[in-house]
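Below you'll find the structure, written out as structure tokens, and then a few comments.
As written, the chain order gives the labels A, B, C and D, with residue 1 at the start of each chain.
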Amino acid sequence: MVGVNKKKINVGMVGYKFMGKAHSHAYKDVGMFFDTAADVVMKAICGRDENGVKEAADKFGWESYETDWRKMIAREDIDFVDINAPSDAHKEITLAAIAAGKHVFCEKPLALNLADGREMLAAAEKAGVKHAICFNYRFLPAVQLAKQIIDEGRLGEIHHYRATYLQDWLVDPNTPLAWRLKKEVAGSGAHGDINAHSIDLARFLIGEFDRVVGHNRTFVKERPLLTGSAGGLSGGGASTEKGEVTVDDATGFLADFKNGAMGMFVASRFAAGRKNHNTFEIHGSKGTIRWDLEKLNELEVYFREDEPNLAGFRRILATEPSHKYAGNWWPTGHIIGYEHAFVHIVYEFIQHMTTDSPFTPTFLDGVKCQEVLEAVDLSIERGAWVSVDEV
Amino acid sequence: MVGVNKKKINVGMVGYKFMGKAHSHAYKDVGMFFDTAADVVMKAICGRDENGVKEAADKFGWESYETDWRKMIAREDIDFVDINAPSDAHKEITLAAIAAGKHVFCEKPLALNLADGREMLAAAEKAGVKHAICFNYRFLPAVQLAKQIIDEGRLGEIHHYRATYLQDWLVDPNTPLAWRLKKEVAGSGAHGDINAHSIDLARFLIGEFDRVVGHNRTFVKERPLLTGSAGGLSGGGASTEKGEVTVDDATGFLADFKNGAMGMFVASRFAAGRKNHNTFEIHGSKGTIRWDLEKLNELEVYFREDEPNLAGFRRILATEPSHKYAGNWWPTGHIIGYEHAFVHIVYEFIQHMTTDSPFTPTFLDGVKCQEVLEAVDLSIERGAWVSVDEV
Amino acid sequence: MVGVNKKKINVGMVGYKFMGKAHSHAYKDVGMFFDTAADVVMKAICGRDENGVKEAADKFGWESYETDWRKMIAREDIDFVDINAPSDAHKEITLAAIAAGKHVFCEKPLALNLADGREMLAAAEKAGVKHAICFNYRFLPAVQLAKQIIDEGRLGEIHHYRATYLQDWLVDPNTPLAWRLKKEVAGSGAHGDINAHSIDLARFLIGEFDRVVGHNRTFVKERPLLTGSAGGLSGGGASTEKGEVTVDDATGFLADFKNGAMGMFVASRFAAGRKNHNTFEIHGSKGTIRWDLEKLNELEVYFREDEPNLAGFRRILATEPSHKYAGNWWPTGHIIGYEHAFVHIVYEFIQHMTTDSPFTPTFLDGVKCQEVLEAVDLSIERGAWVSVDEV
Amino acid sequence: MVGVNKKKINVGMVGYKFMGKAHSHAYKDVGMFFDTAADVVMKAICGRDENGVKEAADKFGWESYETDWRKMIAREDIDFVDINAPSDAHKEITLAAIAAGKHVFCEKPLALNLADGREMLAAAEKAGVKHAICFNYRFLPAVQLAKQIIDEGRLGEIHHYRATYLQDWLVDPNTPLAWRLKKEVAGSGAHGDINAHSIDLARFLIGEFDRVVGHNRTFVKERPLLTGSAGGLSGGGASTEKGEVTVDDATGFLADFKNGAMGMFVASRFAAGRKNHNTFEIHGSKGTIRWDLEKLNELEVYFREDEPNLAGFRRILATEPSHKYAGNWWPTGHIIGYEHAFVHIVYEFIQHMTTDSPFTPTFLDGVKCQEVLEAVDLSIERGAWVSVDEV
């Protein structure tokens, strides 16, 4: 509720493309569906291109806009900074925001490399500001239900964890060379972009990684250069000139978890027909869980304790009032979509900043995820298993 | 885009429960995702209970509130009226709004009975105001794709149309007697509430009904009275006293369509495990289409023209830029939810009011739907087929 | 086991096309997977075309063949007669077999009409021979599990029963005029051929029909005449001449059951993409069951008694040792196919003939099914509901 | 057809448990559904336990039985030997059969280790006898369709191959120590038993492995000893004494293929709820294929060349006459089961022995599969990638 005497918390956001839209939507809607401890005020949005950012400010409902993020961070009316600019900008903006005493809500990946990420974490902890990394998929009702089932011990001891994150927007060799395909801007390809989500979900659900071994591919090594402004997943036109793809199209790896479970992960942008196939399947001594982002409201669960002739995978539609966050939306059976996860994480971070309620994922989770990513890359160089503690 | 010089259109809304929330959300979000011809301004929300409506106004983002709908309709700053109060109030408010020269966006059912619906349609046409009935499911990308496939002749001649709309919130005999279970307020039970959606989708997709024959049931004839304020699908507590259920729990019927197709419809609130199972399956001489609201982003399509050894039901994820409305949201594979359909219908109605663009469904569709509903009820009385033209 | 001192029971079979092959296979395999009380001996197969029946005898493993069924029935070494000739021959052969004191295993439909069916039932009962009608789908493990769940009261009071039996082999207007499309030979079209299966399953699972109302269509009224010998579902070539289709392509109907449940049935050979889509969905006060012949090893079950946040449709793979008949085949998860149902019904009928163990479906079930079929046809003539007791 | 003047080919079989039953069934049924070039005659079955083998002979329909396989191999009336005894017996029997000039049809794994397998292959090639290894899953219509699609280039360049073979019969720690869990008899656990199938399918579908790296687990290290005779997957009772499990419960590995594709494989007997979840998913530059043994009649296929708004995974029911082997069984939509694959491989091997028609998989495929299995085991020892050419 937007109360007259309710505390307000002002956000300034850097970035206004795909993630900028998703985050804006979350700030706009959160108060309508959740009783936040403070009203979030969409104070300022920031981007380098004045026309672009002005249009975004109008369309998304921000009170003002800036073209210089340093200026925006300096504004006294900004309580926390949301950073969803391209990945290579995360570190500098974050450190500046922390220096200015602002809380930070940063898109993943935290940084281009582990050292940078650790520096950001240390700075945030030293400054005592609140910090979050936007691993949004943790906040879907079906994923929360998976977490609850596991935490209650209903899967028993975990034996297997398998994840895929599959897309197909690069199978076409004419898809242009967007910033996500350049190592110096994106840091990594499918691995850092989407394996990162799978790694975070695995850590969230079953715990820490012990060691990994992987392989990767860049199936199409040159692509048309992009003309004009580049945002979104693949926006902008294609030039006749070509440039080198410097990130991976696909990375797969095996993992051993500290709890003894066997893991298997693959991220690819070359999986024809798989549009956003972020899945996990977890086998425990008492049952199995399966989830797929393309059907994000559903969780498949098998319990060995069910009567033998009646046991089977249950397709649970996580839209009941008893499912976390679901009751804030619509009646049973009225499904939610992709963007709702951002509303939920924003809700939890507002609560965290306002009431000091427990919150994860923080920069620490960003760092832990980065450790696994880099251990995989190191294992690829070495052709052998690498302990995550080593990186 | 919210432009400085852009035309504005002001909405006043009666109702603030389940549908009030869904409509408010649509007004709030539409400008962010669609280039509307006018900016919609959430001017006033109206409800009888001052505390309730005030809280809704705050939470949903309305500029003001009223407790008397006559007063709201009279306001000069209201351009169109959105009516989502309980069904028995639709007629009176609609007629008053039309009399005041306002456009009207009315929730379904249009009225408690056909005569009232026809009166509302006549009034709207005479006054020359724009009018819409909120058959929201037409506006989902997958349903639009179904429409396109049929209109392009890719299903050929239509042979069969089958629809279900199944929920289970009444299977529990202790679910209390909400207003939706009282004939004098709701007009009808599962039939008017959810068969109405199926009938509208059938008309939208394959055309007019010729004749029908049906049966119905009220499986649980008495339910606990509801204590306190009653909104949403089942909100409020249960009393120890009981009252009579005066509407149907389930209604099924056969239909012959004017184009020769055979139809089969069932609506039930007694279908254990089916939460919002609004489905259709359409067989034509060239192929088949199947859709299910619980997986609203997907359309299953079978084409007989596919090579015989490669033909199969295709699961199309209607999240591509080429799918109507989908491109306004997120990249491919990032699914949308239930409420998005309201954003789409609101977008189309704003365009219609502002630019006179073509628009359906109007009150005429509300009346046509009501004709089928009443023909079914008449067939139940008679135990025989009834021509829809007869009612 | 084929024991040295084990009783033997000799079968003589009339018919050698699609059903003849399925039955032959059952006799051949039953002893390998089931401990029958008697060894079935494939004594003689009978058909009018000597070359055809001789080839079938060799290929299917029959000891001898006959071209005159009267002669075969007269043979002393025949203990029971299996009749799977075209439907118009069922009555005469059955009556002759009964007259000769043989047990009879008859394919469905029992007869071309109800009067004939009743005559056959009366004759069998009077003679005291064992009689069976081959409603094979009752004998699938998943269907047996559905039956068990219902009989144990785990679905509670039954509210809804919906069935489809959909195929698409007639959508092509050039599919020739096989015997199944001629009323004088087949008796009926989709209605008698496949609605019959659905009606039998409904009776098996939830009990007797009270009243019905239906509609039907013959979408393609003329088809190429068939050249050469006609067997199987559509075998034989197409002539350039056309003949009239005298049966229904599709029949749908509503039903009220004696237990108060609402029913809905549709059979069609015009459902593009549906190859053998024999399905039922049953809603009770405690749960729901769904089954589909195209996935015949699976049963979907929803129990309302499951914890609210963990309830969901269970996909049960009916291949566990605890599932009836499944343990006689392969280990868990190794699915069975269409023809296995025939092995199971043959097993049960052998037991019935040998040990007088309880057995259904008998001719009585054939008659009961025919009553419903004819009541539907009568309702179509009348355009009104017809009580099944009336026919 | 069983023709009077048709060539006959006599089989002698060693083994009569799970696989013995499946093979017997294939010999019994093949002539009924396929026009084999020779009639297979079930001449003799062999097992050490006279009562057991005698009962099997009777039940399965063998003309005679032997308790000494050497004696059976020596019989002049045996044309080929089928070996499905436990894995540790394969080598000796095979070599003896070859020495006697018999053709050999051997169950997988070919041998307990690569050296033995190579010896068997060399012996068979030197002797010029026909040899086969029973990788039965190649012979399912849906798998054949996958092969055809790939061979026709309709998937384009292959990027990814992922396979699972998951079962759950060992999750229960009280499942006894069957022979499949002892290294000296089985050679290997899940890896050799079920990864072997996945490896063979991958080789069949997309070609040779280049290098691999894996990990494995024995989750339950001790199990109750088995009492009595041990056959089938888990047959026999459990003792109170325990013994050590000396094989893997699960093995996963990454693979690089020679064609550049990335591979990922996991076999586990600890995947709760997965009964026989033998799956593959193959992504190519033009499309994707997915298959699951639990739904063995279905193939899911995605073609990028489909119109963008109509592209989607097709669920193809491989029961059309145009699908290899399917037309030999039942009409469209009437699914087949697990054992049918054995009928098909037996059919092809009979043709191969009789007419010298092309045939795979032979012992060479057994050896190639074993190479991959051993390379994985070696990679586990080393903690690093191992080239398959190295073993």
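The criterion applied here is as follows: contacts are C-beta pairs under 8 Å (C-beta built on N, C-alpha and C of every residue); 3 or more make two chains touch, one makes a residue touch a chain.
Which protein is which chain? UniProt says A, B, C, D = Putative dehydrogenase.
Note that the structure is predicted; figures quoted are calculated from it, not measured.
Common neighbours of chain A and chain D (chains touching each): B, C. With respect to chain A, maximal separation of chain centres occurs for C (centres as means of Cα atoms). For the pair chain A and chain B, the distance between C-alpha centroids works out to 35 Å.
Inter-chain spacing, taken between the CA centroids of chain B and chain D, is 54 Å.
Inter-chain centre distance (chain B to chain C, centres taken as mean C-alpha positions): 42 Å. Shared interface positions of chain C, i.e. residues touching 2 or more other chains, are given as 274, 311-313, 317. Remark: chain A residues 159-160, 162, 164, 166, 168, 171-172, 213-215, 217, 219, 250, 252-254, 256, 260, 262, 264, 266, 268, 270-274, 283-288, 302, 304, 311-313, 382-385 touch chain D in the complex. For chain B in complex with chain A, the touching residues are 1-3, 18, 21-22, 24-25, 28-29, 31-32, 55, 58-61, 167, 169, 232-234, 274-277, 293-297, 317, 319, 329-340.
For chain A in complex with chain C, the touching residues are 145, 149, 299-301, 306, 308-318, 320, 322-323.
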